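Two complexes follow with chain A in common, the first pairing it with chain B and the second with chain C.
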Partner chain A sequence: MRPLPHHRRRLSREAIVGLSLASAYLVFAAIFWAYPFFWLARLSVTQWRFFDEPVFTGARNFVRTIQDPQFLVSLWNVVRFLAFYLPLAFGGALLVAFGLRHVRRGKAFVALCFLLSNVSSGVALSLVFTKIFSSTGPLNTLIHDWTGARIPWTSHPTLAMLAIALVVAWKFVGYYGLILYSGLLTIPAEIYDAARLDHAGPLTRLARITLPMLNAQLMMVLVFAILVSFGLFTEPFLITGGGPSDSTVTPQMMIYETAFRRLQPSHAATMSIIVSLVSYLLIVLARRLFEKKVTLA
Partner chain B sequence: MERRDLLRLGVGGAALLAGCAPQSRERRSDVIRLWVAPNDAEEGFWKVAVARWNALRRGLPVTFTTIPTAGSSEDTVLSALVAGTEPDLCTNIFSGFAVQLAALKQVVDLAALPGFAELVARRRMEAIVPGWTQGGRVCALPIYSSPTLIWWRADLLEANGLSHPPRTYDEVYQFSARYGRPGRRYGMQVVAGRDWRDRWFDFISFYYAVSGGLPYLDGAHALYDNRAGLEAATFMDRMFRRGWTAPDFDAEEPLVSGLAAGAVRGPWDVERFARIYPQTLARIAVGPMIAREAATANSGGGPTSTFSDSKGVVIFRSSRVTRQAFDFLAWVLGDEALNLLWLRRTGLSPARSDLLTNPRFAEYYRTNPLVRTYAEHVASARPPALSEYTIDIQKIMSSRLVEPLMTGQATPADALARAVGDTDRMLAAQA
Partner chain C sequence: MRIGSRSVGGWAATIGIYALALTWLYPFAWMVAASLKPTAQIYNTALFSGDWTLDNFRFLFGAADKLDRPFLQATAISALVTLTVTASVLLTSAFIAFALARLRFPGAKLFGDFLLLQMVVPTAMFILPLFVLMKQLGLLNSLGALIVPSAMSGWGIYMMSQSFKAMPEEYFDAARLDRASLWQTVTRIVVPLNKSIIAIVALFTFTGTWDNFLWPLIVISDTDRMPLSVLLATFSKQYGGYAGPVMAGAVLQTLPLVLLFILFRRHFLQGMSLTLK
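Then we have the complex of A and B:
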């Protein structure tokens, strides 16, 4: 084999500059992503309690985790949360997007207002909603004055999950709405004009034109919503504490409490890997079921 | 790129990595490092105590700082232990966490240190230390004991024909029937909250009161599925079924508006109310933890048993100055003048059983009747069960006992049986 010419083996000045600049990110990723990731993988197949040396235990943590009824309940709670959250998130986001289309003046200000809830502190808004949803709070006092009844927002298993979904939806609907609004702007007006000529009504135009043309943005919102549901911590932790009867306990709460309250980091590491896998599989499934390639012929 | 530039880049990267390297685990042996609870009152006490110790030159000098926490002390202590930056001594440790630290072999058995028995005798802790002893080992020493008692709005009691705070379930029922308006105002706040810690301030307090201080846990078995547990659970159930209490009082402090006329409160609330709700505090009458009449009589006429929210101090095993640290601890805790200073600064009763008989404390309690009521219960207040699994035990107590009683999904007997059964199964699985 003929050796490469000398000048081919040496990196160019641009390549060295490029590598140097990229190395900052590579070092960052190695320290804050790769190292924790491998440590997590190692923990999941060992027994470790913070101060001793990890002892290899094979699949014992996985078996223990998938047999842990409270962990399984927390995964089921994600499904229950999504059942409330998805309609609220999509319905609210579509309303925001369609509403923004009709705003003539101050559109940027209105959009900023929707984003404010998204950048608000989860802790602060959870404390506010805790008071609002209290059985003796202002919302229940109002309902009691009108109907003579009180709604057990945080002490009934189903209503407690609905309350959490409402709070999280309030936080994210504006953000999702802006994503959908950006999609609406890309739909050519000529398509709607042609549809009107064919006597297509508003619902037909929504179902046959708007929603299919928004598929990419809707999928993006769906993926974000699934990620939010698996990452849920602050709101249930502060508003319901996971109750009543573990009906709002989430995988993130389980992981936190197992690692830092029960002092079982190996068990928690296994949980986090399983949660990652389940969320990934759910996203793949959602994309397979709902993602469409839409092109203008 | 020049070789010099590459060298600079390499040096810069190395410096960055060096900054991320773990701190040295080298322990100092010429100073005692102390962490104290992050609040002004306790910090003020330790500032004086440490200054006096250092001025006396009785041993190694002490440096102290508040626990560097933004969240819970437990998380911070744990992080410090993992990073190797823990001090020699740390206060603000609750007994369950101390047991966890002992199980992880991170704290010293204080009972094995020379001078421990003398300290217990000098501080009159003979009746208190058994509650912090597990298998003959004492992994934390209580600094203060805060019994839970029930605050009542005296004006509301009087307006409804009661001249003193209720002592029995029947008195609470009768008062609630007169005062309560379902959905509008309630006899008393029965459930303290949703967190696992809140069980200390409702069911466990009620259980201790009605059982005369019997334990609710023995090793790997829950013990509260008994007559006392049933009475406490039946009381909670009846209050909810009659609409004399609400599932939560998150929206406001119920005693201020009279939304509830009574609620379980600790001595730390005296300072809070004095600062925020002074007018309400002036109308508060403190009563004992309620129990059935027979149980109150069974206590021999003395104070009713209740729960004690105590915090203790530990010495970490990594310390190279264990003996010297304990000498400092024995000096602080055994000194009556410093105990009085603690009381004045924090309003929390030192964990000693002679508070009301020792003339040194008499003047303080004469001028602080609310705090005195708490001091009267220090000897009869019981700490939480010593268990590494405190959180799981009390989470089960929440989900299987208190919440079903709140919603009416289970009878008191069924809820008790489920809670105890689940606790035993959890403890067996952990074992």
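Then we have the complex of A and C:
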């Protein structure tokens, strides 16, 4: 056989190496991603109890799941969580972002202080916050010394959700803040100079320049916040256990309970598909409502 | 004009932001203080006062015999699993990302799109069917169930490939002239020039594996095979009254993550601005 021209042969060797590296990952993804995907689809249309043969039941799982009152409560709890979490997350993140821009010395130190909660242990800190929020804990001691009252953080439905939102916001505000800060750096200073010449006050500058120019970063934070809220498990599981009376039960806790405590994997699979669809729809809706293409004309 | 000097409000804001940053560390301070105090003093002494003692840590490591909670072993399991997963993810991601970013092969674009698709589908959806898979493979209640499904990461490949794409072509021309092998090209040229993104992938993989809770909670049922995160949670659930030892366990669970974060802080901050683009 005639050898191929030199450059052709090198190119094909490159292609072989590239293809074999890519296919190594594709084999892994086929086993641990595509195959589970197939099982999830299969479970959602069958009745199965972990050991028997799945029996086809069609849409019955879906009908049953969307009528399950406890599952609907868990979805509603995501909305209740977001009602506390979004103001905390956006307020905190803007504070961190403006703070970072304002501070001149020790920028890295300030950023690291806010980020430490993001990269440390959710399990350990959930246990710490359980103690901090307890009726004799340091937070209540402080409040008691000031006002003479104690706050039942984990035994009142609304306060329990606020407590969870505070813990999760504490964890993510530094990260969100850094996202907004990177956006602040890209706003040209000339716009502010022009606005000052037009006698625009600080609030006008914030509402008419800074926030619109940060739209891409604010959207990113919003999408992350929605994803976090649908994925909540560790914090409510360890801090409130879903209580009092299911007021802090999250969809992920419902899926865990249904699949591994009540041994109804078909029901749980249907739940996880619905939860993913709802979170996806909410993100699409949020982008439709708030996303803007901002260009400098 | 303000050159070098600030208004009173400006100084107040600066002090305010420093104070807030330090307040953010309060839960860590409280955790460490509580782990070093007798349980009876945790709730009724000021943060930095009390009779300092290491009894809580002694109790924790002694809990293996008395309470069937082998914390030393769980720490070793967590370390083994986390180091194996992190090493595997870094190695596979670096090579596959190099292929995606720098090698021309049919379907490369499609492969990149597939990685993006994977990142959009929430991982929480897969926990139940992955459990079924582990059951079929006979891996339930073994360390394999903690390691194998996380051995590669589409996210890691994607992140690294984004950074590798930005490298100037000249480096690779030189490598070709020197007839460098694939291994040499990746380990001697690509890795040293992309330390920040590799540090980011390493840190997030390490943290995510060490602190993973839901997955080991599902696949591991024996206390002598549990990683630290799950053992600590079950210990707290059953013996919540032992606040001191629980906080000692929390310190143990947090310490490696905090140390790693402080050690890699420079790469981390650099890499963060990379991931934020």
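Definition applied: the second predicted complex is superposed on the first by the 283 of 297 C-alpha atoms of A that agree within 3 Å, B and C clash if a C-alpha of one lies under 4 Å from a C-alpha of the other, contacts with A are read in each partner's own complex, and residues count from 1 in each chain.
Assume contacts are C-beta pairs under 8 Å (C-beta built on N, C-alpha and C of every residue); 3 or more make two chains touch, one makes a residue touch a chain.
What you are looking at is a predicted structure, and each value in this text was computed from that prediction instead of being measured.
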First, second, both or neither for A:Phe260, with chain B first and chain C second: both
Which superposed partner A:Pro54 touches (first chain B, second chain C, both, neither): neither
First (chain B), second (chain C), both or neither touched by A:Gly99: second
First (chain B), second (chain C), both or neither touched by A:Ala268: second
Comparison of chain B and chain C by chain A residues contacted: C
Touched partner set for A:Lys131, first chain B, second chain C, both or neither: both
Which superposed partner A:Val17 touches (first chain B, second chain C, both, neither): both
First, second, both or neither for A:Ala29, with chain B first and chain C second: second
Doubly contacted residues of chain A, that is, touched by chain B and again by chain C: 16-17, 31, 50, 130-131, 134, 136-138, 260
Chain A-facing residues of chain C, complex: 10, 13-14, 16-18, 20-22, 24-25, 27-28, 30-31, 34, 42-43, 47, 92, 95-96, 98-100, 103-108, 111, 114, 118, 121-122, 124-133, 135, 148-149, 151-152, 154, 157, 182, 203-204, 207, 210-211, 213-214, 217-218, 229, 232-233, 236, 240, 243, 246-247, 249-251, 253-254, 257-258, 261-262, 265, 268-269, 272-273, 276-277
Residues of chain B touching chain A in the complex: 1, 6, 9, 13, 16-17, 20, 74-75, 78, 81-82, 100, 104-106, 183-184, 193-195, 246-252, 254, 259, 389, 391-392, 395, 398-400, 403-404, 406-407
Touching residues (chain side chain A, partner chain C) in the complex: 11, 14-19, 21-22, 24-26, 28-29, 31-33, 35-40, 43, 50, 95, 99-100, 102-104, 106, 108-117, 119-125, 127-132, 134, 136-138, 141, 170, 174, 178-179, 182, 227, 230-231, 233-234, 237-238, 252, 255-256, 259-260, 265, 268-269, 272-273, 275-276, 279
Footprint of chain B on chain A - complex, ascending: 13, 16-17, 20, 23, 27, 31, 49-51, 130-131, 133-138, 144, 148-150, 152, 154-156, 240-246, 257, 260-263
